[in-house]
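Structures are listed in the sections that come next.
Here come two complexes built around chain A, the first alongside chain B, the second alongside chain C.
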Partner chain A sequence: MNYNASAGPELEPSSFPTQTQRVIPVMADKGIKRSSMDTDGSSDPKRAKTDPKYNKYLAHYDDNQAQNDFSSPLDQLERHKTTTQQATKCEDSDLNPWTGQPHSQQYFNILQTRRNLPVCQQRKEFLEMYHSTQILVFVGETGSGKTTQIPQYVLYDELPHQTGKLIACTQPRRVAAMSVAQRVANELDVELGQEVGYSIRFENKTGPKTMLKYMTDGQLLRESMHDHEMSRYSTIILDEAHERTLATDILMALLKQIAERRKDLKIIVMSATLDAQKFQTYFFDAPLLAVPGRTHPVEIFYTPEPERDYVEAAVRTVLQIHATEPEGDILLFLTGEEEIEDACRRINLEVDDMVRESDAGPMRVYPLYGTLPPAQQQRIFDKAPEPLRKGGRPGRKCIVATNIAETSLTIDGIVYVVDPGFSKQKIYNPRSRVESLLVSPISKASAQQRAGRAGRTRPGKCFRLYTEKAFKKELIEQTYPEILRSNLANTVLELKKLGVEDLVHFDLMDPPAPETMMRALEELNYLACLDDDGELTELGSRASEFPLDPALAVMLISSPEFYCSNEILSITSLLSVPSIWVRPNNARKRADEMKQQFAHPDGDHLTLLNAYHAFKGAEQSGADAKQWCHEHFLSPRHLMSADNVRAQLKRIMETHDIELISTPFQDKNYYTNIRRALLAGFFMQVAMRESSNSKVYKTVKDDQLVMIHPSTVITSPYDWVMYNEFVLTTKQYVRTVTNIRPEWLLEIAPVYYDLEAFDKGEIKSALTRITEKIRRRQAMKGGA
Partner chain B sequence: MGLAAAENKRKLGTDPNNTRWSRNTDTFGQKLLRAQGWEPGQYLGAKDAPHAEWHTKANTTHIQVTLKDDNLGLGAKRNSGNECTGLDAFQLLLGRLNGKAEDVLEAEKKAIEEVKIGRYLASKIGTIRFVKGGWLVGDQLTETPVEETEKPVETAATETSTSSDEEAPEPVSKKSRKRKAEDTTREDNEKPSKKDKKSKRRKTNEAGSDDEEVSSKHKKKKPRKHRTESEENESQREKEATSASEEEVDAAALDPKKARKERREKKAREKQEKQEKKEKKERRRREKASSGSGPETGGSKREKKRREDKDSTSTSEDLTKASPPVESGASTPIGSGYSTPVLGSARFLSRQRFIAQKRMAFADTVALNQIFMIKS
Partner chain C sequence: MDPPAKTQPQSNDSDSEDDYMKMTFTDDPSTLASSARPSQPETSLQRRQRERREAEARSHVKSKAELAAEVEARREAAHATSLLTLASSSKPKSKGLAMMAKMGFTGGALGTAAKEGGRDDRVVEPIRIAVKDGREGIGLESDRKRKLREAAEAAGEVTKRARVDEGEYRERMRREREHARLERQVCAAQKVAESMDDERTEGDAADEGREEREEREAKRREAKKGRAISSRPLKSLPVMYRGLVKAREEGERDRRMRHDLEQSLSRLPTYEDGDEDEDDKRALDKTQTQSTTYVTADDLDDEDVELDEFNTLPMAERLQRLVEYLRAEHRYCFWCKFVYPDAEMDGCPGLTEEDHD
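Right after this comes the complex of A and B.
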């Protein structure tokens, strides 16, 4: 049962190796704002606030009392007093108790497998506990069936058709929400979108009849912005809480508050065993129910000594397994795209040799990482190759993956796991304001999770490329929750919108570092989203409606002032998706030449825009978009999703009456306006050249030394540049850079560029000179 | 890091940590937090929260990581391999001065030597060895799997006890190893004095380790199946004397009845093509036997019996295995029997096996006679 997998692997922010988290990958929505984009045309935002009839979040008030017009065995049940026998009887009946339609044969088939799930053994226990407590911590290993079954058990107890209140089950990932909803709809023998639905960013598949709703954690958070009490729901189930996404953490803190106010709201927190106690303590010592999973034991191996080169060691281990171990597929964890492709190449070469020179079985090697096109991702589910000849050694497949395969994907048939102990993790440093994906050691919990992947189908083996001592001494216990690793500007804005006044004492499970919070507040203050007393401003309130970083949102909202909101809208969308540039290893030069066609001398933002316009032009002229993209080394997938994001953002702009205008292309200020508009959001991401002809820049105020990333198209950079992201590799780079003039800074962001606030240094003296110059020019004008 | 090491120059700003910002108490954020009742040095979050006991340093300051720009494995130090030499001798001297017992010192010395050899090998061939680290049942680490998981243990145990020696992670430079193996075999046959044998045996154990590598498992097992009862008894006696696994490897070499050995070898060679099938069958049979479900043929019964014998000796084997000094700082003993077979590269492995077979054929007069069709 791997619906995660069958729905096709989708991307996750943490798996974009080349992308920092500043951008929103469209396909993913972990830790970013999502929402309100699914506003349907019928609801008028102005009336929505006052009249529940037009507020979609309160829409259920209208028809909630509507009783079913058929007799159902459910009618005899009493809410919160049901028993397992009653529910089982309802499930066994010939008519579907929810729809009145006869059950299909498929339903009974599925019912059989459902009854065999480990969680089913404890249904009675679960119900008793559920009746007796408001908050319940539920622990179930993978494969216990908790995600699909528990919400249904709740359904048969809550009887939502009587109360009109929904049951929500949150998932950290969009794919999971969609595929689980589909699965549960099948299990209940109803149509997806009717009784069972899902709601994710950009997509709302629910209806007036919906009783059980799967949704991403972020989506529930967005809803609660408009409905602080979550009054739509009678039960909220937080699934995969151990993943500790930003949204789940905030939801937990909110629910903890709401639970005090709304005693009728039931909360179930579902987690993996590891930190269940922490959840219990956090939720007022809530009772715990544990269900064993269905996993096989995995034998762990360590190396006796540390490895000098973990990639090399990993490749060798894979070959060793292939040569000497019995049948079974291999899963190798590496950190990033480049490393994975390299390892695949090497394994392939060696295996070819092995097959040629000995009677080794064939092995197929598949890479797996977030930016891989879906079709190629899908290939990991192919069957292992057949033996080369009849009776020969069995073939196997080897999947080389990022930590995407740690939790989000379930691949059957994995028996061997090779774990070098590293992954790329997001890190945020509030002092230098850098959010980066860096290779760092995984946690013990992560290592166990990886090892567990080997025991899905039968007893497996996990080869750890480090010593037992390193495992015990060098790995931290738990992976740090996302809230400790991210820039919180966006989160703080959301919290403000959610009505959280006291940020200091907001009861988070893991409170972030004070410096991180300070930086977030400071950024929001400079962006004018918070006023000097820390209250949400009008601009901030509007910015929170956009599922974007505050800087991008502010840039978008203020773009009409620069007569280029259309263009800024396009650029924002392009910055919100993974890089549209394709640069395959075997055709780098050609790709760079093609990129040069779109290049604008003044910056990468403008180059992005040119490429997008060319793409739209090609599309309109009827050319085959895919072919065109292929020829121009652009990613059609990411361009399409940028297009999609653009449409969504455009809708939000329209609902907020933000004008969509452009400067005529013939106007000589066309590009200048855009560059100035960019600064309205990114004035805090500016760097000044250290000395003329130097390649080194210094970021304003934070004084970090950076270089312009080699991917830029700018050939003659100005003394002042603005950048979209700060990349940390062996050197510090700024990526996606545009030339700017310092005068603009003083004009557009006078508060941030208040000379009083600057410390003595080159940047201050440069700015002073410019102020002087402007003053003189104005004086001359005045005198003339 | 020596002078020849790659230079990794990086220009740092005057304040790379931006402490100026973090020390500045006038920032908007700091002012706001203080206004809401936060004091420097405190956690954010609810006052007196019961879950605060789980808070760590990460809740007070941003997570600090070291920038990793190499492929160094977890726990490996950059300068390992070219640290000061001679310090170990000095340490021994100090130990002696401090009045350590001779045998302790001897053990230490041995450990140091093994580390040296191990390091040399690692740099020369670089094989990957593994030591067992318990079982992951559910998400708990256990020493042994529980209940239903017993089956795999049994198979694993038997598998390893039969194969541990071949896989013994004590590789010696490959070419010399083979030669040595042969030499010792010959020597053993020439003068089978018991004491000598034992020490040699260990050497062969190490040396002959990857002669046969993959195929060895069944190659060896097969001939043993043809043994008579008396032989089996004999071997059992031997087992008692030495560890079961050691005996296994040397079984061929030590057998005093040379003729039989030759015959066996011949058979083995003849059945080379069928080996794969056999291996598969055997594995299946072993699995069946361990699960106790499949019908037991006479052969498998005997095999099972043998395995039982082995199991009974396995505890002592473990002890002897664990006692030899350990590699460098590794916390677990190497060669605990659970390691994956040593293998330089795949090509190397197959070639080696091929050469080993040829060599065996040439050393075997019966085989040669057969090849050249000479009637003896």
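Right after this comes the complex of A and C.
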């Protein structure tokens, strides 16, 4: 090192103007110069401060300041020709090359850990490949640092401040997009929402300065509806592509097309599994860069016999590990909230006994699932408990998680993984239109991924609660991509809006079953979003503006016709968030009593609305909203997020001149109007009671037998109901149900309820009788 | 909420089954009527009938299990039918399919075909929905099925081994030959047993009247000739060789019936014609036939559980039973072909054929 920089008093960080975006300190400028001379690329920020030659640049700096136009170390970089050394120097400088602010101590601490990430070793290789190709497939296991680092490497090469184009990095999950954006903002020593931001459905935390944007894949898809070329972006990074979410699959197909038109657009597809060949082939044989994971060997154990009860077996296995295995945390995979809470309870009880009776170490058990409040989710990162007494047996923690913990979350310290082999998976069948979350066996790829979680810190063990034979014979190779397991009505609407004309030959990595496409087109046609030729209608175009399912969007757009758009807006928001009802195991009865206070005899939608109104009332009266929610067994988090969603949707309605009106509450038609308005979107989700003393309903057209979910407030046996969702467990339920009148169906959705097109059956005869009745009544009126 | 498991109000299940079936049918006429002639309201009589039928159908409350089965059956039924075939046959053509056809869909999978040499794994059918009930671990169900299958296989191993394979072919031929040999031996042993039994009954009858003895003697001669049908009811014979006698008698009966049929001009020989006198009968050769045949015919057609049971035994077992029977009853060894003077049967090497090798 022959070149040192020293900061004079004029170069004190505090003396730099900071308001302007592109204020770049001279010192950093020198860094560029320096880097052009350096070959080894290493630098020492402390020594840089003593460089005697800085004065030459100081004058330059003064000029810049006067013009309010600053050169930055980055200005010296040539886009798409940068090297690792150059970037490293920029990172090492005392002042933030992006903001001009001095780097904090924390920044350098983090920088140190960043440099230790496996992906950092391959920065040079990455850049070379990035320069040489338009599309790149990048494989790195969870924990390699790819999600946080690669976008930053790109940032230092794309130099967005020169082009004004952004870098997008997509994530399948909202939480990941938010937390990764926060992390990267810390790493770059910038404020979240400024240079680094995130954008998720119903929440946008970006600003005019934003250069690097983390977003959900769905959000990028929505954005591209208005920007078919994705011209705002210079680089698009699809992270966690191996998860094969619906939106990622659609984005890949779109990007494949755009890449041909826009040669300047760079695309990086990042995957955590080694099955990257499929991505390469799909993207015109794109080159592959793989970062070896930092993993330790994991020993895998199978059970000799299949298990009768996998939850029981899992609890037993955890306890056995705790009793016999050396120190190390446990990760147990289960399928859902209820199961996880149940297992946690059982493990806790048993561990208490073990501690009392056999001097076992303490064990803390944490649940982890999607709907858990963030603060509680955070607890999984707590340290394992200390031994109960000095020299006692070590404590450990046990995390009982859904498959969130499979790829997207990195928890250090896990040495033992217990894998019963199930997860809850979305499934859709266009033939019965059953769409539900079902407990299903995982794939071999998932099982390997789960096992890998045990080898993060040191060699680990994975206990699979099934036989080796079952692993080989019963598990499918790869989890089915979401596109094969989803209702595509929303996707088809989006694609139409994106200008994709030929849906049949749209080049998806895994095209869905033709029947799924047919069903989606039909549904959109019934919703009047597509005309008979498959062209987007005015209504369809408007509906696609809402980040909602088409049925909800159509319901919302049509609601002014029923004089209740305010109420429908509230209901739509409430249906777009997780359930607002809280029903703790130890207070079910009281929770039900409280819910009863809001109950409307005509159904659950109106009950939701009542609860929301009560919540708003309490808020306005100045009550402590949280306390009020707690007392009424409502989730403040979900109510507030519904409130937020409502505000967002309201804005969209206003931009589209959709009137916000209400029927006066005193009007006897207040609730009736709402019930009718619900049908405008949900006329395809209607069921008729089988017979007068039965609790069984039959869904219209699909002819499935269902019962009303026990969570309903409905007590009267209504003959006709509309429902929000179909739930398939071992029974078939409809959830969130409201009483309707069959006459409304004929009136509101005459095309769907065209009796000529109905299959013979009870529903047709019932509807025929009603038609008769209406006709007679009208005839009488006409005659009178 | 689950419907409480109610017991059937009806007396039995078949009743309720009927009701359930009716439900589908009752609706049809009304549907047809109203859809065919929507302008004509049904008459009050029709309505009352329909209402009564519907009420009946409705009054039936399904049990939990019935319901669960029906729910599943409906779902499976829906999942088993392709919408594409359904759509192409439906009356108003499916709009969805029409749109797809416009985009160039002609069947098969969506998307674009894989490059040459690439694997085409595009789906044509939706993914099947498998509902898992309970908390059974992976592999339990298939394990259970496998065990069932193995048990079934073990039971029917002989039939399962039908695969053609040189070794197996030889084995099968050997088995068949062995079976035929055993069958012959069983037949022989049955004959021996019958004749020995006959001889003994004759010996028993020795002290009876001479005439009777002579009569039997004559019968025996006749039996020697053609093994005439014995007058003893079949069921009184030991089961070991009852089959033999029965087969013989059946054969005999058939033969005679055929014979009689051929002899008689048009009528069955048993036909009693009121117009016939003695001379006519003699002329038609009816006197003889009536005296002998058709006596045991009823007996022959009777069901014989004991015999059936015996016949289902393996050939070797039947032979063994016969050998034992002969030894016990007649101190006769089938293998030595010798009647021993005492029950110890001194000098006979043993029960089985191998012992006599």
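Everything below uses one rule, namely that the second predicted complex is superposed on the first by the 661 of 784 C-alpha atoms of A that agree within 3 Å, B and C clash if a C-alpha of one lies under 4 Å from a C-alpha of the other, contacts with A are read in each partner's own complex, and residues count from 1 in each chain.
The working rule: a residue touches a chain if its C-beta (ideal position, glycine included) is under 8 Å from a C-beta of that chain, and two chains touch if they have at least 3 such contacts.
Source: prediction; values computed, not measured.
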item: Superposed partners chain B and chain C on chain A - clash or fit; value: clash
item: Partner chain(s) touched by A:P441 [first = chain B, second = chain C, both, neither]; value: both
item: Which superposed partner A:F422 touches (first chain B, second chain C, both, neither); value: both
item: Comparison of chain B and chain C by chain A residues contacted; value: B
item: Which of chain B and chain C A:V351 touches, first, second, both or neither; value: first
item: Partner chain(s) touched by A:T281 [first = chain B, second = chain C, both, neither]; value: both
item: Contacts of A:G534 with chain B and chain C, given as first, second, both or neither; value: both
item: Partner chain(s) touched by A:K764 [first = chain B, second = chain C, both, neither]; value: second
item: Partner chain(s) touched by A:V645 [first = chain B, second = chain C, both, neither]; value: neither
item: Partner chain in contact with A:P326 - chain B first, chain C second, else both or neither; value: first
item: Which of chain B and chain C A:A520 touches, first, second, both or neither; value: both
item: Segment of chain C intruding into chain B (one of 40-48, 112-120, 220-228 or 328-336); value: 112-120
item: Shared chain A surface residues [contacts with chain B and with chain C]; value: 281, 303, 305-313, 420-422, 427-432, 438-441, 465-467, 469-471, 473-475, 480, 484-485, 502-508, 510-522, 525, 532, 534, 696, 702-705, 728-731
item: Parts of chain A lying in touch with chain C, wherever the complex brings them together; value: 281, 303, 305-313, 420-422, 427-432, 434, 438-441, 465-467, 469-471, 473-475, 480, 484-485, 501-508, 510-522, 525, 530, 532-534, 690-696, 702-708, 710, 728-732, 755-757, 760-762, 764-765, 768-769, 771-772, 776
item: Residues on chain C engaged by chain A in the complex (per definition of touch); value: 1-3, 23, 27-28, 30-31, 34-35, 38, 41, 54-55, 57-62, 67-68, 70-71, 74-75, 78-79, 81-84, 87, 90-92, 94-100, 102-105, 107-112, 115, 118, 121-140, 142-143
item: Touching residues on chain A, where the partner in the complex is chain B; value: 141, 272-274, 278, 281-282, 285, 292-293, 295-313, 316-317, 319-326, 350-351, 353-354, 357-360, 391-393, 420-422, 425, 427-432, 438-441, 448-449, 451-452, 455, 459, 462-475, 480, 484-485, 502-522, 525-526, 532, 534, 696, 698, 701-705, 728-731, 759
item: Residues of chain B touching chain A in the complex; value: 8, 10-22, 27-30, 32-33, 35-38, 40, 42-47, 49-51, 53-55, 58-63, 65-69, 71-77, 80-81, 118, 122, 126-141, 145, 149, 152, 156, 169, 213-214, 276-277, 280, 283, 326-332, 334, 338-341, 343, 345-347, 349-351, 353
